[in-house]
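Per-chain numbering from 1; labels A, B, C, D and E assigned in written order.
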Amino acid sequence: MITLTSAEWQALTLTLKVAATALAVALPVAVFAGYALARWRFPGHGLVNGVIHMPLVLPPVVTGYVLLILFGRSGPVGSFLESTFGLTFAFRWTGAALAAGIMAFPLMVRPIRLAIEAVDPKLEEAAATLGLHRSIVLAIVTLPLALPGILAAGILGFAKAMGEFGATITFVSNIPGETRTLALAVYTAAQTPDGEVAAFRLTIISVVVAFGALIASEAVARRLARRIGGAA
Amino acid sequence: MITLTSAEWQALTLTLKVAATALAVALPVAVFAGYALARWRFPGHGLVNGVIHMPLVLPPVVTGYVLLILFGRSGPVGSFLESTFGLTFAFRWTGAALAAGIMAFPLMVRPIRLAIEAVDPKLEEAAATLGLHRSIVLAIVTLPLALPGILAAGILGFAKAMGEFGATITFVSNIPGETRTLALAVYTAAQTPDGEVAAFRLTIISVVVAFGALIASEAVARRLARRIGGAA
Amino acid sequence: AERLTIFAAASLKDALEAAGKAYARETGTEVVYSFAGTASIARQVEAGAPADLFFSADELWMDHVRHAGAVVPETIITVATNTLVVVAPKTNPEPLELTTEGFLSRLGDRRLAVADTETIPAGRYAKAALSDLNLYEDLAGRLAPMENVRIALATVARGETPLGIVYASDAIAEKDVAVVAEIPEDSHPAIVYPAAVTTIARQGAKEFLAFLKTPQAREAFRAAGLRPVD
Amino acid sequence: MIEVDIEGSAGDLPIKANFRSDAGVTALFGHSGAGKSTITKMIAGLLRPERGRIAINGETLFDSGEGIDLPARRRRIGHVFQEARLFPHLTVRANLAFARWAGRTIDKTRFKEVVELLGIQSLLSRRPGTLSGGERQRVAIGRALLSSPRALVMDEPLASLDQGRKSEILPFLDRLCHEAKIPILYVSHALEEVARLADTLVVISKGETVACGSTADIMTRLDLGVATGRHEAGSVLIGRVTGTDSRWSLSTIGVEGYELQVPVTGIEPGTEVRLRVRARDVSLAVGEVSGLSIRNRLPVMVEAITSETGPYAEILCRIGEQPLRVRLTRASVEELGLAPGGEALALIKTIAIDRREIIGSGNV
Amino acid sequence: MIEVDIEGSAGDLPIKANFRSDAGVTALFGHSGAGKSTITKMIAGLLRPERGRIAINGETLFDSGEGIDLPARRRRIGHVFQEARLFPHLTVRANLAFARWAGRTIDKTRFKEVVELLGIQSLLSRRPGTLSGGERQRVAIGRALLSSPRALVMDEPLASLDQGRKSEILPFLDRLCHEAKIPILYVSHALEEVARLADTLVVISKGETVACGSTADIMTRLDLGVATGRHEAGSVLIGRVTGTDSRWSLSTIGVEGYELQVPVTGIEPGTEVRLRVRARDVSLAVGEVSGLSIRNRLPVMVEAITSETGPYAEILCRIGEQPLRVRLTRASVEELGLAPGGEALALIKTIAIDRREIIGSGNV
């Protein structure tokens, strides 16, 4: 076992906080977006779909820059949130979570949408004939059946949130203890001449955490599959 | 309409070449990996799954360095490929495609795996009772039914390949006409005082291309859905 | 040669492109560039990138590359120098006193934008200067180390941070900022841009380095806010 | 009461359904692909007719003229689908509990009763994926019953159940329908089932209702042979229980002043019952008959004789006011010298009138 | 020839199947949840028994002792599943063409013949998602038939088909089985179907084969009432066609020296046929009978009388060597004074022996 330095600990706990927050906020929104894209036909469907994919297409630095303009303290959204809710993103770990969440968003919406599209509408019909409101059908039939997709989205999103670099450093900079996640710490080390060993250690920490999350998610997925599958 | 400068044209065509190549090579591999993860139980299942997710977890710059070390001209894989097949990645558009493909890989494997897991094994059983070999069942039953997932994977992968920045600039640098894709060109422009307009133009070009790809993929997806869905 | 490939730090983009154009007009040799962060460029050159010339933004990376045997040591020259300035949004152009109080009263509860103090040369120089001026200890917790100088500059220009430390060359380019203080040149190691011919360079690379000493090239550097050296 | 008068389409097939039925079970009967499931889905609100009107127990569910179109969940029509449609991620218990919760009104005792009736106690903690075909169907029936629907639509619910189970479920549906006043729309290919249950019979052919009326009437209409299937054709006699013979476990039923014995007990004397008599189960005799195990002998008037090509002849007789269909070989018709207007003795095997063919009794 | 001797399990239910049948149709018969589908899946190679042996036409498909376990695709057993399992992304035509391609040997004429038999011509360009329940089932049958299987497993293939369609498909299966020498394993709840088709009947109860033998034998076994269902119990008489009366479209069949008329023509005189006679369709008479439309009157010996509780009695009679089951009310038994050893006249309505109940003729 390697023993972690305090800077490494700091980066690790910060990363977990940032990734978990990003996931906790973005996943429900992604479920909503995935559902809307899968089941609703509305004007601007294509536009919404396109906007969701943007963080994937643009270089992360650009996304970070756009976030800076919008969510910075003097940005339109940022100043509103700050004055109304006292919520600050600029140069805070919350901003890192925001960046991570936005970068992870398209990766989450896709599998969720796919899984919801795969839910047989006939089952939803059957639930409707029992006299159930759409929201209950959604909660008890549609979403549970789409759970494997939501789980896949969760793990993709968590991995991306852990690894997010470009948008984060651009938006909230690289402040130790506040915004220097593992990914930024690895970068910092790698950009330093002779920083290879430090970079390697940090990389290993990231990898171990990600593997842990992955294994946990696989175990959950296997349970889900067993529940639904049944006999051959 | 805006008319593109020759540098913009160059970046655009290069981006399309890189993204298309990355997709053409990585998608079949992702289909294979998705199938293997969905349907096979083998020792090292978790490890393979973990390795596939690595490019997502690590900061792209690190992935780029790893590629540089492995696939560089003096790297073990790079020198082997060059001497054996005359295939060079270092500082070539092929390297940009490699980086894009590897970064897009985890995004593609997930939806494919999800879609393959959702294919009812009872249909594959039914095909087997007709006397068909597994590979034919795969080609005519399993994969066509997983097509919505493969398509989703394709569009996610293409978008990511278009936007890939960190690993690309680290691995193959930022050479106009060879490795300066739209994402890198946007970055380069943003580095220049008064580069905002140029960066903005390039961003718009990226966005337009990505929207086009997205709309095309949605149209295909709708056709697929209509084929399979049928009546309520 | 027909064509020269230059791997250079992103901050040299304007100067080198202008110089390259002049060189091409004169010699007919086309010059192409790959711009990125110095660290990336340095590692790539070390890995055998097809570069004829390597332009670093600091001596540290040039040393690294020289140790790796990727450049010809005898060809290393300094092509330009630069200075640091403190900038503020144009709306707030009063001069700044380089003291803890001076900084803190201007910052309020906000941060001081700098380039990354560990990875980016501009950030390392800023850190050295602040230490030398006995300001670092008080300001360390108030820094916003950005991915590169241009983003640090942009945050100031947009009023996101009330102050930033950037290169004088960058400050010239941005209309929305005002220089509110100049950092004494002796407070940090000299900001130099060393260049060298790589060990795999083609014919004609040395000639380009020589060309940079011509008045034409020096003018290009000056226009970009850099100070050419003799 | 179910009132349906709609037009629409199922793919290329135009649908034109027009029927009304009073309280009780209404059977939809027709060939595969005739449009039965489509019509039930329109009634349940899962497909939209192009125009027309649907009402149940006087409440309008759909009316294109008035722009009424209640969504499925507000129609509260319990639907047993042809393909079960159980929720695969929930246990059988959860499937049922979910339905019960949706219905709100069903208490524990009733829940247990339904579960026992359907014989699914031992399946409660299983998931639908592991159930056998028939088990799945039974759970689906349970789910619909427990949602305390205002009407039930059952699309071939008993197709893959064995006789034994069927004859337990059918009387329950019958009671449900008449006691709880829940109209049932019942789709089936099996005329036996239909006759046993249905008060009203609707015959569908090529998307259209070609006949609609009381089961007794439709069953005796010779011209519907093709749609209903020859083998199952018959009549329904309406009578009243006059006595019970507990020694032989038989009841006597008075039909138009004559008496018939049926192998059933426990029906309150005075109760009105309907007896389904299949045309092929009736023999005719002319003159005296003795020494025969056939105990039910009713004098009838021959009304019409339809000779088909092939060996068969259909004879429409009357017992008093009520029609009775009889099916014989042409050879027998000739041998007995039967002709319209003639008289004969209808012999009905006591045993041919099964429990399942006596309708309208509370306690069969 | 099908030989099965396996042990395994379906969830908690232990499965123990042991039967063998010679050429022809073997029916698996039993309650819902008895284990029928599980056994067919084990034979098809879709589930693995724990031990035992499975062979078809002499070829071993599974033998735990010798470590043989052919995968499903090499067993080549056409399977009509209880739930259709059509390929949803392919048109009906492609579903069928895919199967035909897998089978290789089926020519165009045969393809057309199967499509017409099943009445699915107009569905060819549709996708399974839009088919009705019965249509889906028919396509599934077509798919299995066209894969030119070495044996057919059919899991309640006709459950949601109407009488008319059934009576077209059944003779085809019969011919297929006997002419093309393809053994068929047929799962059904409908004893009628089973008796019509099956040479061998296997009764499954609670996962075990409780009886196995020729259809005639099993049908007449009184002790299997519970498994087979009372309503459908009966016997199978074996006879030989002795003549045809084309005027009345009747054929005469000699059974143990007596003659029986059946409403069928076109069977070559001399052909051996099997007649299914349901116990409830037989009446008994003692003494002379005249003026009656029932033309078939066979002298029988009463062998055993089983009085059940309730109104019914089961009487096992013999016509010569052959058993005949009769079902009467206890009251009739008493009235006629029937007792073991006594003689009587069995009256069988000509019409009760339907085309569908005459087995073994090439051209019904």
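The rule is simple: a contact is a pair of C-beta atoms (placed from the backbone, for glycine too) under 8 Å apart; a residue touches a chain by one contact, two chains touch by 3 or more.
A quick note: this is a predicted structure, and the numbers were derived from the prediction, not measured.
Peer 1: Shared touching chains for chain B and chain C?
Peer 2: Of all the chains present, those in contact with both chain B and chain C are A.
Peer 1: Common contacts of chain A and chain C?
Peer 2: B
Peer 1: Please name the chain that ends up farthest from chain B once chain centres are defined by their CA atoms averaged.
Peer 2: Between chain B and the rest, the longest centre separation is with D.
Peer 1: By mean C-alpha position, what chain is farthest away from chain A?
Peer 2: Most remote chain from chain A, centroid-wise, comes out as E.
Peer 1: So, what's the distance in Å between the C-alpha centres of chain D and chain B?
Peer 2: Result: the chain centres lie 60 Å from each other.
Peer 1: Using mean CA coordinates as chain centres, what's the gap between chain C and chain D in Å?
Peer 2: Going by mean C-alpha positions, chain C sits 90 Å from chain D.
Peer 1: From the C-alpha centre of chain A to that of chain D, how far is it in Å?
Peer 2: About 57 Å separates the centre of chain A from that of chain D.
Peer 1: In angstrom, rounded to a whole number, how far apart do the mean CA points of chain D and chain E lie?
Peer 2: Averaging C-alpha atoms per chain gives centres 26 Å apart.
Peer 1: Would you please write down the residue numbers of chain A that are in contact with two or more other chains?
Peer 2: 61, 65, 122, 125, 166, 187, 190-191, 231-232
Peer 1: Please output the residue numbers of chain E that touch at least 2 other chains, ranges allowed.
Peer 2: Residues 11, 46, 83, 130 of chain E each touch two or more of the other chains.
Peer 1: Would you give the residues of chain C that are in contact with at least 2 other chains, written as numbers and ranges?
Peer 2: 40 - these are the residues of chain C that touch more than one other chain.
Peer 1: Considering the complex alone, what residue numbers of chain C touch chain B?
Peer 2: Its residues touching chain B are 5, 7, 10-11, 13-14, 32-36, 40-41, 43-44, 47-50, 148, 150, 170, 172-174.
Peer 1: Along chain A, where are the residues that touch chain C in the complex?
Peer 2: So the residues of chain A in touch with chain C come to 61, 64-65, 68-69, 72-75, 90-91, 166, 169-170, 173-175, 187-188, 190-194.
Peer 1: Could you list, by residue number, the parts of chain A that touch chain B in their complex?
Peer 2: Against chain B, the touching part of chain A is residues 46, 49-50, 53-62, 65, 106-107, 110-111, 113-115, 117-118, 121-122, 125, 148-149, 152, 155-156, 159-160, 162-163, 165-166, 183-184, 186-187, 190-191, 199, 203, 206-207, 210-211, 214-215, 218, 225, 232.
Peer 1: Spell out the residues on chain E that touch chain D in their complex, using ranges where they run on.
Peer 2: Touch residues, chain E against chain D: 11, 30-33, 36-38, 82-83, 126, 130, 132-135, 137-138, 155-156, 159-165, 189, 191, 226, 229-232, 245, 248-250, 261, 263-265, 280-281, 283-295, 309-312, 327-336, 347, 349-352, 354, 356.
Peer 1: What residues of chain A sit close enough to touch chain D in their complex?
Peer 2: Counting only chain A, the residues touching chain D are 122-123, 125-134, 136, 140-141, 144-145, 147, 227-231.
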